[in-house]
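Each of the two complexes below includes subunit A, the first together with subunit B, the second together with subunit C.
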Partner chain A sequence: MHSKVWDSIFRSKLPINTNLDRSLVIFNSLTLHIHPVKVREKAIKFSYTFYLGMISFFLFIILIVTGVLLMLYYQPAIPNAYENMKDLQYVVSNGMFLRNLHRWAAHLMVISVFLHMIRVFYAGAYKPPREFNWVVGVVLLVLTLLLSYTGYLLPFDQLSYWAVTVGVNLIQYIPVIGEKTKFLFLGGHEIGEYTLVRFYVLHCVILPLVMVLLIAFHFWRIRKDGGLH
Partner chain B sequence: MSKIKIIYAVTSILFLLLLAVSPLKEIFKDWRNFQNSFNSYTDSFPFKVAKVDNGLKQIWNKNLGIIDRCITCHVGLNENKLSNAPQPFTSHPKIYHDNEKYGCTVCHDGQGLSTKYEDAHLPTEFWDKPLLPRKYIESACYRCHDDLSDKFTPLHNKGKELIEKYNCVSCHDLPGIPKQYTPDLNGVGTKIKNKQWLIDWLKNPSLYATNARMPNFKLSETEVTILSDFLFSFKERRNSQSLYPLPEYYNTLKKDEDFIKLGKVSFSEARCISCHSIEGKGGKLAIDLIKVASKASEKWIYSCIKNPKAIMPGVEMTQFGFSDKEAAAITAYIESEFVDWNINEDEIQNIKPVTGYYEKGIEIYNKYNCGGCHKLDIKEIKENKGPELTTISNKKLYQIEWGKSNLKHSLYEYLENKLETPRAFGENTRMPEYKFYKEEITAITAYLLAQRNNEVPQNYLVRKNKVQPFKPQGVIGKTFEKYSCLKCHSVNDYGGKIAPDLAKVGSQLNRDWIRKYFNIPYSLRAIVEERMPKLFISTEEVEMLLDYFESVFIDDNLDFKLNLTEKPEELEKGKMLFKEKYGCQSCHIIDGSGGYVGPPLDNVGERLKPTWIYSWIKNPQKYKANTIDPKTGMNEEDLLLITSYLFHKRSW
Partner chain C sequence: MNNIIENKTEVSTEPLKVPRRIAIFPKETPVKFQKEIIEEKLVQSFPNLIIREVICFQLVVIVVTFISLFVDAPLEELANPMNTPNPAKAPWYFLGLQELLHSFPPLVAGVLIPILVVIALIIIPYFDINIKRYGLWAKDRTRTLIYLSFSFTIVSIISILYKAYGIFFPSLIIYLMMLVPFFVPHRKGIIGWFYKMSLSEWIVGWFIFMAVVLTIIGTFFRGPGWGWVLPW
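And now, the complex of A and B:
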């Protein structure tokens, strides 16, 4: 196992015998170092967190994977967008499955994020020193909802059209900046191709990027604020 | 192994099995079954039919924006031998378009992208345009074509006629449909004799006349009373000719039998029943006269006979050249004959007007857009049209108010039901009821389904040359207008379809014959009912028209010299050719015997000019596209002989 390639990738030296070696494995890995080196069994009891944060995270991963696959079949244009839905339904192998997977994962993610928040609230886990992470969590909830909402327009059917109409009409009532914000969202004065492109970019690039960064930050803060102790 | 690991393993396997459902569904799709059964079905045939390769198939027409997957299941479309095969394997009937090139949904509608039966054909939640029922297919022709004959789109063309007839354009904008004449209501109080008639008419016009064109507005009892009071108050004929006073002798003579007889003779001489019917018998162009004397006042009837265009501006009725005495006599005849004997004259005059009827009347008049058909010169009348129908076929289903109806949502269902019971889709709709027959509803629906925006690219559009309107100016224009010539005749296809086109009449007919015909018109073919009315036209007007015909309604190609023969033996030869060789007598009467299909040809030399006879026989369809007179292709010699023979069929 001690080849040059192995060593260049994994910094930990095998065999791992001592507790120091074990903690070095955790320390030296990007993916694992989020975890504390030592976790008490009580802290990872199922009934303590119900793994709700982790479930949300995995749903997010599913959404990214299925979302990227869906992007292969999708054009943010009129009427192509709706026709693409038809293609997924009738022509693409397992297209309906793919689309449903994305849809149900999104629904479940909203539910699990919400339950996660409730769990944190009733466990009093928002109290100092974790108050800032609570705030980050709330932003993540809002991002989850925004992702759902922006994704709603993309099939460009009647349901999407009117949902977005109602949405941006609500925005319009914000004092002072309402009109401008509506214009910004729509990319014009009415729902059209530019709205579709804006929602597409928000849904597939901007919001997921912010989400990933904030999730990483959220996880890191769990550690720093003394989670899992 | 710990318990948790077993649970983990089991759920993982279960989950994997669950995921396997998706690819399985993919394999067992309906269209694969169809393709397989097509192959086994055609195996049993004695002749060879090409097998289909398994797989999705589609027609892609980039220009039309069409992707049609119909041919995934309809695999035998272009296989002529399968015309009796069951669906979806039936071959397509022969049409003028290559379906491989045009796709399917361009004509049939439906969801071409779909590969499932229900989604492709039926009204579903996620597709606005379900398959058009076969009867409406022809309305799809108008996505590219703009004018097709009855041969191709009979239903659509019938619908267009009906829409014209029922004057739909008075409330709905529709391009290319002319507005019908409808009487204006200025001075209606001096026209209508009794208010009860007006009340009954407003309640339901078809009770008075079964073929009344005015629909039933389903007015309430109070609305009817108010509206009749309102209309009855218009005794003054604003902005138009006031009624002509009846001549003094009328009152003394109106019961006189000889006077009435004179009226009756003039009435039949003018052939009023060419256009008017009497108890359903007669022409269909104008109203039935059976009870007209109980409806309209004497003075009004007299004025109308004397000068209809002054009393009813825009009316298509001919202005006959009756003398005052003849007009009065006809009035007396109508008064004596065309009466509703069931009306009790005493009961009717004492109905008191409702208070505030004028303002409320205007309100009702505007609400139902009465002004759309009936002009009334007061400034409070406002246009209050119904929805425009120019692009009705583009209407999205969500834009339609479905009310409480439980229809399967599709545009044609909506239109059919709207036409049948116009108020079915909500309390506030105000469209009146027409009591259409089923066939009429289908025809109108077919026409409306053709009303849409152009969605096909320019190079797909097939546009016919529009008919040029014929609108002569000056005195000729006024004469044409006075006698409503274009109601029956056309000039280069512009005008009525009842009588022959006049565009070449100067090259066709002899001046003397036309002059006589104006005086005593008759039907050229005994079997044709329509006949030109006697216009009582003055000699000066006739000569002026004849001058005009001979200088304008001319075909220069018919201006050539013919070497007609006068020799009796050659004329005899022509006669033989006419009777023996070409068998013309099977359709035409000559020398007292022959068929009834074409016009009789005795004295034809008096009627037709020789170059016309010659050119017509040479190629009848050139002069009248739909004539059944055959193009015989006879040689020059025969042609000249027959022309000479026919030209000598005259008394001079």
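And now, the complex of A and C:
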């Protein structure tokens, strides 16, 4: 392990014996340097946070990986989208498993993000100086719901079509801008090919992009506001 | 500002005789909430935190994998705009709202309430007056009882008027729970816990309880024509 190749890839030198070495592991890693070098022993106990934020983030990672793989088999068109679902079930190896992973991780993420919010509230962890990070968290909750909702239409079966119809019909009740907003989202007066494309772009590009940026900001603020330290 | 010590300006080149003032203190320090800083034990992030993250990630993957192995994602027939299912249901996390839609006009249930909930969530940290979270019954019990009962009466009248029993009954349960510490002097166990809960904690608890009840009703107890059905 302790070779020239290892040393060239990982900036931390083995063996890790002292607390200085342990600190350098964090310092010298792009993926780990978001952590403080030391944390409060109490703050990393399971009973303190139930790791709900962490769980939400890991579910999001699973969703990105499975989502990208699902994109390889998906065409946002009618009736291709629905046929793709059938292909995933009967033609693609482990296709159904892949779709299951994506769907159940999404449902679990809605639950874990909601529970995370409740935990933060009852711990009073939104108090100064963390007010704004709470606001970012609320936006992340809304984004999670929107991501889940836009993804709901994509299989384009009866279930997704009518579930989205129920929600979209509410948009037109917004005073003044209701009709225009509905048209904007649907790309027409009712759900059709362009709705599918718009939801697809929202679900696979726009919303995940905003989500990733806000998650990064959320984590950064945890550090700056003195989260674990 | 009138309790600030009167400050005379004396100019002198002799620093021992006329010391320079660097700060002026009011006679009484203003009452401010100062968070107590307690020295806590720190541990190295590596490996203490990192190992927990890795194990957490593995467990999340394992749980999702197991669910996915045994439960298939639903897929019905191709979408058909001509064939409306009865009832047409939104995704489960919006069924609480759809349940409200059954009782209230769409502008209220579909637009006003979601927007108000999001706004309420956003302003929580900025309107947290009771930052130390004194219990609901900590002071002026009679006035608290009057305000509380008045608020509950308004919620009840609105929800019964609109036949929104999914709001009325959870609110009634929470209201009765809030009243327990007022009538029972016992301060231990669950009643002591109730006694310690602040108003904001009660309100959020009420919101969560109602969201859960409405979602469960919408998911399991609503059938054709949004009529009441039993899931078994």
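Assume the second predicted complex is superposed on the first by the 201 of 229 C-alpha atoms of A that agree within 3 Å, B and C clash if a C-alpha of one lies under 4 Å from a C-alpha of the other, contacts with A are read in each partner's own complex, and residues count from 1 in each chain.
We adopt the following convention: a contact is a pair of C-beta atoms (placed from the backbone, for glycine too) under 8 Å apart; a residue touches a chain by one contact, two chains touch by 3 or more.
From a predicted model like this one, the values you see are computed outputs, not experimental measurements.
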Which of subunit B and subunit C A:157 touches, first, second, both or neither: both
Touching partner for A:93 - first (subunit B), second (subunit C), both, neither: first
More subunit A residues in contact - subunit B or subunit C: C
Which of subunit B and subunit C A:216 touches, first, second, both or neither: neither
Subunit B versus subunit C as contact partner of A:206, first or second or both or neither: neither
Those residues of subunit A which subunit B touches in one complex and subunit C touches in the other: 79, 86, 89, 96-97, 157-158
Touch list for subunit B against partner subunit A, complex: 22-23, 26, 56, 65, 67, 69, 111, 113-116, 119, 126, 398
Complex interface listing, subunit A residues touching subunit C: 16, 19, 22-23, 25-26, 32, 35-42, 44, 46, 51, 54-55, 58-59, 61-62, 78-79, 82, 85-86, 89, 96-97, 99-105, 107-108, 110, 117-118, 121-122, 124, 126-128, 130-131, 134-135, 138, 141-142, 145, 148-149, 152, 155-163, 165-167, 169-170, 173-175, 190-191, 228-229
Residues on subunit A engaged by subunit B in the complex (per definition of touch): 79, 83, 86-87, 89-91, 93-94, 96-97, 157-158
In the complex with subunit A, residue positions of subunit C that touch it: 40-50, 52-53, 56-57, 60-61, 63-65, 67-69, 71-81, 83-85, 88-94, 98, 101, 106-107, 110-111, 118, 121-122, 124-126, 128, 131, 133, 201, 204, 208
